[in-house]
Amino acid sequence: MTVPKPDPALVEKLVIANRILYDQGVVDGLGHVSVRHDAVPDLFLLSCNRAPALVVRDDIVCYDLDGDAVTETQERPYLERFIHSEIYRMRPDVVAVVHSHSPSVIPFGVTGNRLRPIYHMAGFLGSGSAHFEIRDTGGNTDMLIRNAGLGKALASSLGAQTCVLMRGHGSTVVGNSIEQVVYRAIYAEVNAKLQAQSLSMGSINYLTEKEARLAADANESQIGRSWNLWQRRVGTI
Amino acid sequence: MTVPKPDPALVEKLVIANRILYDQGVVDGLGHVSVRHDAVPDLFLLSCNRAPALVVRDDIVCYDLDGDAVTETQERPYLERFIHSEIYRMRPDVVAVVHSHSPSVIPFGVTGNRLRPIYHMAGFLGSGSAHFEIRDTGGNTDMLIRNAGLGKALASSLGAQTCVLMRGHGSTVVGNSIEQVVYRAIYAEVNAKLQAQSLSMGSINYLTEKEARLAADANESQIGRSWNLWQRRVGTI
Amino acid sequence: MTVPKPDPALVEKLVIANRILYDQGVVDGLGHVSVRHDAVPDLFLLSCNRAPALVVRDDIVCYDLDGDAVTETQERPYLERFIHSEIYRMRPDVVAVVHSHSPSVIPFGVTGNRLRPIYHMAGFLGSGSAHFEIRDTGGNTDMLIRNAGLGKALASSLGAQTCVLMRGHGSTVVGNSIEQVVYRAIYAEVNAKLQAQSLSMGSINYLTEKEARLAADANESQIGRSWNLWQRRVGTI
Amino acid sequence: MTVPKPDPALVEKLVIANRILYDQGVVDGLGHVSVRHDAVPDLFLLSCNRAPALVVRDDIVCYDLDGDAVTETQERPYLERFIHSEIYRMRPDVVAVVHSHSPSVIPFGVTGNRLRPIYHMAGFLGSGSAHFEIRDTGGNTDMLIRNAGLGKALASSLGAQTCVLMRGHGSTVVGNSIEQVVYRAIYAEVNAKLQAQSLSMGSINYLTEKEARLAADANESQIGRSWNLWQRRVGTI
């Protein structure tokens, strides 16, 4: 099959997103961000097996929803591309996905606490994060989402939510654009840090579900302001 | 009406203040700092909708106390300019205002703890920070001070104090100059971090009200030393 | 005796490892990393008494398992080279050793808590870190592993494990390559930070021993990705 | 009186010490470091009222033990030069003094906890830090050591120890050289951070007094290694 070329501006934005996620402390050498192909909804774009800070245009590969590369590449793929493929399959509304080991989020997953929105910036967390326990599907594993079955199980745990904690591993957030998913990955991490600090200081007055929804809607019009800053920090590609 | 031009040195200082607040970790892509017009007390200067680190001279817009721009601009305003307009209206002594989501302060707002002065640098906190609960005025909102009514409610909660915590959102500090309000925004954040750490270690011996007042007075003559450093770090504009 | 020259690429990699450990916050002015000689298993390579960030090729000295330099050098040795010599003697499988005062690990040693794997990145911790109490061998000392006897005691405490906490001092990790031991030193620190945060939030669901082993195996094929990033950050030598 | 010129190398080292203390996070815009005059023990060298990161050679002023400048200067002095003058008067063994608001140390002072040595790097803390309560001498003050009387009270609280916590203010450390006092200021901060973390994790096995003394002695021969690194980071002056 001939794969239509994705919009070059989308590829460029995906490269920038990789660098922003590193610069903002969401990913280190590991973690990845993908975006759905702008012309073929059953395809998505994701870097080859590369540290996000080092990703360049030529590293971006196009995958189908079985996690198979449909553009030529000599490079190894990420083992966990099935996180992306199965979420794109199960969630037609999702346009972009970030998987990371963002540090402040890890303690929530291993202690069974949900992320809940401390402040308006994290309104996208709504009534709280989803939780994924890989043992329920895979028993004792290497913790990686290395096949479609585990990917489906993760997507099921995510359900209709924006963020799923993966016990003993990390987390995954989804969004309707690269900018939105990067925003959510950054503020999931910030919210986790603030929520943990608040937990040690007393009872927390979280956003109500309605406050969370209204704040999430309001923030949509403001993401560009932060994106400009994040992009400026990582320079042009 | 013809608006007198503000002192160019004041505009320049406001731009530098924006950059300092970013460099010192008080603001990220969001947050804003304003100053009262030096010639017309019913006007104030504030950037257009821009990340503070990226603000330049031409971004500075002059607003009246209804939050309407009185200088020509094609740029969008900050949604929350009413934080500034209503505080300037209610507090003639206030010359400069900083609104931020400064991270260490957030846990205090959501757990109902007041900031109190841990050390002389935070003497300006006096007997403690004020608290603003937006639900009391607006019920379930998007948490933003997006109109004059909410701005008035926030200014009322601030009262005669220097710092007001905004539950589920951030905080606002006021001062009698750009230098002073920047100093207060930075040390409100530092004090919050130290106070939270101290709370986990035992009973805190806070500054007395008199110690706080005397320390605040003494610090006034020393702000220039820190300002020189902060300014040097962000370079010339 | 004539000492065969080590592979120049190995020496270069050891220099880079020194710089990476500083850049990643594992070592400050102190701490050291060594590698077994590629041609003579009873020898190992270690810098002279130099801060890791400043180590250059000419600083690398070759030592025997008694901790005596076998290449000419005018420089002072590290007092604690016996950490390395005695581990190489007791553990033929070990190819590289890092000793550090990596900050987040210290509180575990002084409170008698073991490091245990919070997430897949720390699978190498297996069922937990070993513990070394210098008082058991040396009584009141200056805490340093400054002779072969203390080195043997430390190596005994390490046993067959990958990481030993040294009460009131720091920790030591071992690996089968420079890349692996650097990876382990970095993620021992990260895991310690996350484990401490998790302890304050509730009961921790650690990796099982089998999950830890499987994750450690899986990570082996991914270390290169992180190494590329770490190396890029410190530049060429 | 004609004041003998201090050794230019000593002045240069004092300037470098100022910059190191900023680079290492011990001081921000405030705080200061002094050294006793190499030829006249009743004099000491201290910058004029300048942020430490910005101090240059010409800022160094010579003071007598009453805190009066004995070299010509048009610049304002630090208000708290009496910290230095009175410690030099009471402690002939002291050659250098650092006063700071080093952040992790503050919570100890306000909660009445002593710093105690967590690890060998902080052996200089011996059996623990001294505590200074300014209210005992001055009642309600602005917290500053702004005259000889308060300086004497502080020096008395310090006694024969190396570090004194100043409630609601900061701390002061002393040493027998610039290198040693900088080392102590840096590791008092590191130890405070580690001690606070350890306190939240269980009962702490501190260094014994003998371990602390032996470790402090051993570290003396290693300070140069760290100093080389610190100096390299701040560049030449």
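Think of it as A, B, C and D in the order they're written, each chain with its own count starting at 1.
Criterion: contacts are C-beta pairs under 8 Å (C-beta built on N, C-alpha and C of every residue); 3 or more make two chains touch, one makes a residue touch a chain.
Just so we're clear, the structure is a prediction, and the values are computed from it rather than from any experiment.
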{"item": "Per Cα centroids, the chain farthest from chain B", "value": "C"}
{"item": "Copies chain D and chain C - interface residue numbers shared by over half, same or different", "value": "different"}
{"item": "Magnitude of the superposing rotation for chain A and chain B (Cα, nearest 5°)", "value": "90"}
{"item": "Whole-Å gap separating chain B and chain D, where each centre is the average of the chain's CA atoms", "value": "33"}
{"item": "Chain B and chain C: spacing of chain centres that average the CA atoms, whole Å", "value": "47"}
{"item": "Sequence positions of chain A contacting 2 or more other chains", "value": "200"}
{"item": "Pairwise chain contacts under the document criterion", "value": "A-B, A-C, B-D, C-D"}
{"item": "Footprint of chain D on chain C - complex, ascending", "value": "28-30, 49-51, 53-54, 79, 101, 103-104, 106-108, 110-113, 140-144, 146, 167-170, 196, 199-200"}
{"item": "Of all residues in chain C, those that touch chain A in their complex", "value": "117-121, 123, 190, 193-194, 197-198, 200-208, 210-211, 214-215, 217-218, 222, 225-230, 232"}
